[in-house]
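Before anything else, here is the set of structures, which you'll find just below.
In the two assemblies presented below, subunit A is common to both, partnered first by subunit B and then by subunit C.
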Partner chain A sequence: MIHKLDPNSKIIYIFVANIAPALIGARMATASFILISIVILTIGKVLHKTAPMLEFSGLILLTVAIIQGIFHQGNTTVAFALGSVVFYKEGLMFALGIALNVINILMSFSILVLTTKPSDMVETFVHMGLSPRLGYVMSSVFQIIPQMTKTMATITDAQRSRGMETEGKLKTRIKAFFPLISPVVMNSLISTKERAIALEVRGFGSKQKKTFLNDLQKTRYDDIFRFVLILILILSIFWRVLIWLK
Partner chain B sequence: MTRIEVQEMHFSYTEQEPILKGINITLDERSTAIIGQNGAGKTTFVKLLKGLLRPMQGKILFDGKDIACMTVAQIAKHIGLVFQNPNDQIFKNNILDEVMFGPINIGMDEQEAKRHSQNALAMVGLSDCEDKNPYDMGLSERKLIAIASVLAMDTDVVIFDEPTIAQDYRGIEKIKKIIRTLKAEGKMVLTITHDMDFVADCFERTIVFAKGKILLDGQTDKVFSKKEELSQAYLEPPHVTQLCNSLGYDKVFLRVEDFVSYVKSKGIENK
Partner chain C sequence: MAKIVAEHLKYKYPLSEKLALYDISFTIEPGEFIGIIGENNAGKSTLCQAMVGIVPNFYKGAYGGKVLIGDMEIAKSNISDICKKVGIVFQNPFNQVTGCKLTVYEEVAFGLENMGLPRSEMIDRIDYSLKLLDIYKYKDRNPFDLSGGQMQRMAIASIIAMRPEVIILDEPTSQLDPQGSEEVFRAVQNLSREGITIIMVEHKMEKIAEYSDRVMLLHEGKLIAFETPEKIFSRDDLDCYGVTAPAYTRICKSLGIKNKKTGFYPVTLEETKSLIGFSEKERCPYDQN
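And then the complex of A and B:
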C-alpha cells in the first residue's frame, strides 16, 4: 500500500517530518515522527532494510554521545561516572537531540527511497521540473550497474577460458586486472556511443515540450495522507506563533 | 583419442528453474553440432564442459578423468571455447599479442606461443595484419581474431558458440574450412549454432537440445529426417531438405550439391 503512494506525497512527508519538529521545538515531536516513520516502514514491509543504515549511523551517534557527554560546553550536572571519566546530563541531552534528528531524517528519507521504484522516483522529479536529460542520467545509473556486472561476469568467463587464473595470490589477481578491465571499459565506451545514437534517433534532444508516458497516479490515500500532513504543518506553525505571542 | 563422457548431469542457476535435467552423452571425435531453441540449455552445457559452471549432480569425464578436480585454467589446456562476442575478450592493442595471450597462459614459451599464434592467424586468414589494433577491425574480423586466439592454444577439443553470426558468405566458408582442418588434425569440434545449412554442410553428428534435455542425437542426416521431433524443438531442417521434402523425395538431402548430382544422374521425374 505504501508502495502505491505517489512519490510526491512521500516527498511532502519528508518535508513535514523534518520541519514540524523544528517548529514545535520539542524532542517529543521528533520522537513521534520517528515512530510514525517506523509504522509506515513496517506497513511497507521494508523496515529491516533500514538496519544497515542505522547500524552505521548508530556508530557515529555513539561517538557523538560520548564526546558531548564529556566535553559539552554547558556541562554542569553530573549524570554518572565511569572511573575517572565523568558524563554530564546537559551534554548527553544535547547528543540525544542530535541523534533524534539524524534518525528522523534517515527514516523519513527511507520511506521514499525504499518504497519507490528508482525509475518512478526519477519520473516524479522530472514532473516536478528536473531536466529530462539529468533525469535520464539518474535512471540510467540504475540500469547500467546490473548490466556492467553481467558483462564483467562474461568477460571473466572468457578470459578464464583462455587459461587465465583469476583467483589465488595477490600477484595473480593484479596480473588478471588488465585483461578483465580493458574489455569492460571498451565495451562501455562502445555501448555509450550506441546508446547516445539510439536516444538521438528517438528524439531525445528535441526542443519540444515533452509529454509523459505515465501520468502521476494520485489515489484517495494520497489525499488523506497529504491532508493530515498539511494539517500537522499548520498546527505546528500555529504552536510556534502562540509561543512567540506569549 | 579424445572422449568426453557426461553422466546424469543436472544444472540450475536458481532452485526453481532447472536448466539441464539429466544429460547423458558421450562426445567423441565426430564433429558435432548442438542445436536447439533459445534457452534450451546449449550454452550452459558447453560452459559446464569448460568448468566455468559446475554441475549440481552428475559427472563429466574428460578422457576418463573427472573434471571436477581440475581448475578452469587446467581444463583450458584441453578444451578451448570461442565465445559469441569477441568484445568480451579482446584487450591488447595488437592482434598477435591478443592471440598469444592464451597459449602463454597455458604454459607455452614465447617462441612456441608465437609459432602457434601465427599458424592460427594464417588459418583464419589474418596473417598480414598481425600488428594491427583489433579495435580497428570490423566485428566479423574480430570474431576471427577470437577464434584464432583459441586455436592458438592447440587444445584437443574446440568449442564454438555461434561462430556464423555476423559473418558473410565468405566468412562462413572460412569457418567451415577451419572446422574441416581441425577435424583432419584429429581434434574434437563442437559447435552451438542456429544455422541449419551450416550444420548440414559441416557436421557428422547433431545433438538437439529441448527444454534441458537431449531430444535427438545421431548422424546429421538421420536427425534431420525426424520432422516431428524437430518441430517439437521449434527447429526447421536445412532449406534443401525442406525443398526435397515438399517435392516428395524419400531420401534426405542435406547439401544442395548432393541433390543436384542426384537429379542429374537420375532425372528430375525419377524419384
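And then the complex of A and C:
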C-alpha cells in the first residue's frame, strides 16, 4: 500500500515531518513523527532496511551525546558521573534534541527512498522541474553500471583465458587490475559516445517541454494522506501563532 | 514527404587530414529504398550521419556544400528538430538503448517524451511500432534482457514511433546472427511498404540487390555511381572498390547469362531462376515451402 502512494505524497510527508515539529517546538512532536514514520515503514515492510543507516548515525549521535553531555555551554545540573567524568542534564537533553531531529529526517526520507522505485522517484523529480539531463544521469546509473560490470567480467575472462593470472594473492590481483583498465575505459568511452549520439537522434536535446508516458497514479489513499498532512501542518502553524500571541 | 538533396557535400573530421566525404551530390525521391555500399572507410557511415546532422552538428569539423531534407538545411538545424524528419539506427543495438528506462515499452516512449507528445498519442504510436516490428510480446521486458535481433528491432521501433519520413539504417545487422538479421530485414521491408524512404548501409549484397531501388557506390569519400542494382553489380570494376557482387550475379557473369531485356546480369535469385527457365515443379515434394 505504501509502495503505491504517489512519490509526491511522500515528498510532502518529508516536508511536514520536518517542518511541523520545528513549528510546534516540542521534542514530543519530533518523537511522535518518528513513531509515525516507523509505523509507515512497518506497513511497507521495509523497516529492517533502515537498520544499517541507523547503526551508522547512531555511532555519531553517541559521540554527540558524550561531548555535549560533558562540555555543553549551559551545563549546570549534574545528571551522573562516571568516575571523574561528569555528565550534565542540559547537555544530554540538547544532544537528545539533535538525535531526535536527525532520526526524524532519516526516517522520513527512508519512506521515500525505500518504498519508491528509483525510476519513479527520478521521474517525479523531473516532473517537479529537475533538468532531464540530470534525471537521465541519476536513472541510467541503475542500468548502465551493472552493464559496465558485466563488460568488465567479460574482459577479465578473456584475459584469463589467454593465461593471465587474475586470482590468488593480493599482489597478483593488483597486478591483474592494470591491464583491465585500458580496455574497460576505452570501451566505455566508445559506448558513451555512441549512446550520446543515439540519445541525440531521439530528440534528447530538444527544447520542447517533455511529456511523460507514465501517469503518476494518485489514489484515494493519496488524497487522505495528503489531507491529514496538510491538516497537521495548519494546526502546527496555528499552535505557533497562539504561542506568539500569548 | 520530403526529398533528400545533397549538393557538393564535403566533410573533414576534426584532427583528420583527409576528406571523409568529397564533393557528393545526389537526389533521393520520397519512398525510395536506397542501398549504400563500399569498402570500409569509404564514407558510408559519415554520409548517413550527414543526413541526420550528427555531421557536422555533433562532431564539428570542416563542412562544405549542403544537404536538404525537404526545405530543411541540415547543417543549420538542430539534431532535435531533424530527428522528427529523419531517424537513424546504428550498428550496435546495445549502445542505442537509453539505459534510463526499465521496460521495452518505456524505452520506445523515450523519443516521444522528448518530442512532448500527449500521452494517448504516445500509447497509440508505441503500440503501432511494437506490433509492426513484432516485438509487442516483449513490451514489459527489460531492454537489456533482449537478444541482439530483438534489441535492434526495438531500436528501429523507437525510431518508427517518432514517425520520421526517412529512416537511415547504418549496418543494422552486422552484429546479429542470421536469424536476427532476417528479423530485421523483414521489418525493414515492412517499413518500405509503408512508403517510408529507407537508406540502408549493408555488406550483405544479396539483400541490397533484393530490396534496393537504387544503389550508391562509395569509394574513399567519393560517390562513384548511383544506379539501379543491376547496373551497379554488372560493372566490371567492382573489385577495384572492394565490393563483391551478389552470388547470383557472379555465377551468371561467369556463365555469361544476361537479362536480354535490360542487358545486365541478374542480381536476385528470382531473376536468375526466371532467366534459366527454372520450373517450380522440380521442387522436392517434401519441402514445406
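Before moving on, here are some points about what is shown:
The rule is short, and it goes like this: the second predicted complex is superposed on the first by the 246 of 246 C-alpha atoms of A that agree within 3 Å, B and C clash if a C-alpha of one lies under 4 Å from a C-alpha of the other, contacts with A are read in each partner's own complex, and residues count from 1 in each chain.
In this section, a residue touches a chain if its C-beta (ideal position, glycine included) is under 8 Å from a C-beta of that chain, and two chains touch if they have at least 3 such contacts.
Quantities reported herein were computed from a predicted structural model and do not represent experimental measurements.
Touch criterion not met for A:173: it reaches neither subunit B nor subunit C. Legend: residue contacts after superposition of the two complexes on their common chain; A:186 is shown touching subunit B, with no touch to subunit C. In the superposition on chain A, contact of A:208 is made with subunit C only, not with subunit B.
In the superposition on chain A, contact of A:163 is made with subunit B only, not with subunit C. In the superposed pair of complexes, A:45 makes contact with neither subunit B nor subunit C.
Legend: residue contacts after superposition of the two complexes on their common chain; A:4 is shown touching neither subunit B nor subunit C.
Within the superposed three-chain arrangement, the count of touched residues of subunit A is higher for C, of the candidates subunit B and subunit C.
Within the superposed three-chain model, A:155 lies in touch with subunit B and out of touch with subunit C [touch as defined at top].
Of the two partner chains, subunit C is the only one that A:200 touches; subunit B does not reach it. Chain contact summary for the complex, subunit C toward subunit A: residues 52, 54, 58, 78-81, 83-84, 87-88, 90, 92, 94-102, 105-106, 109-119, 122-123, 126, 144, 155, 158-159, 162.
Residues 151, 154-155, 157-165, 178-179, 182-183, 186-187, 190 of subunit A are the ones touching subunit B in the complex. Subunit B makes touch with subunit A in their complex at residues 47, 50, 52, 71-73, 76-77, 80-81, 83, 85, 87-91, 101-102, 105-106, 135, 149-150, 153.
Contact residues on subunit A toward subunit C in their complex (touch as defined above): 117, 119, 122, 132, 135-136, 139-140, 143-144, 147, 191, 194-215.
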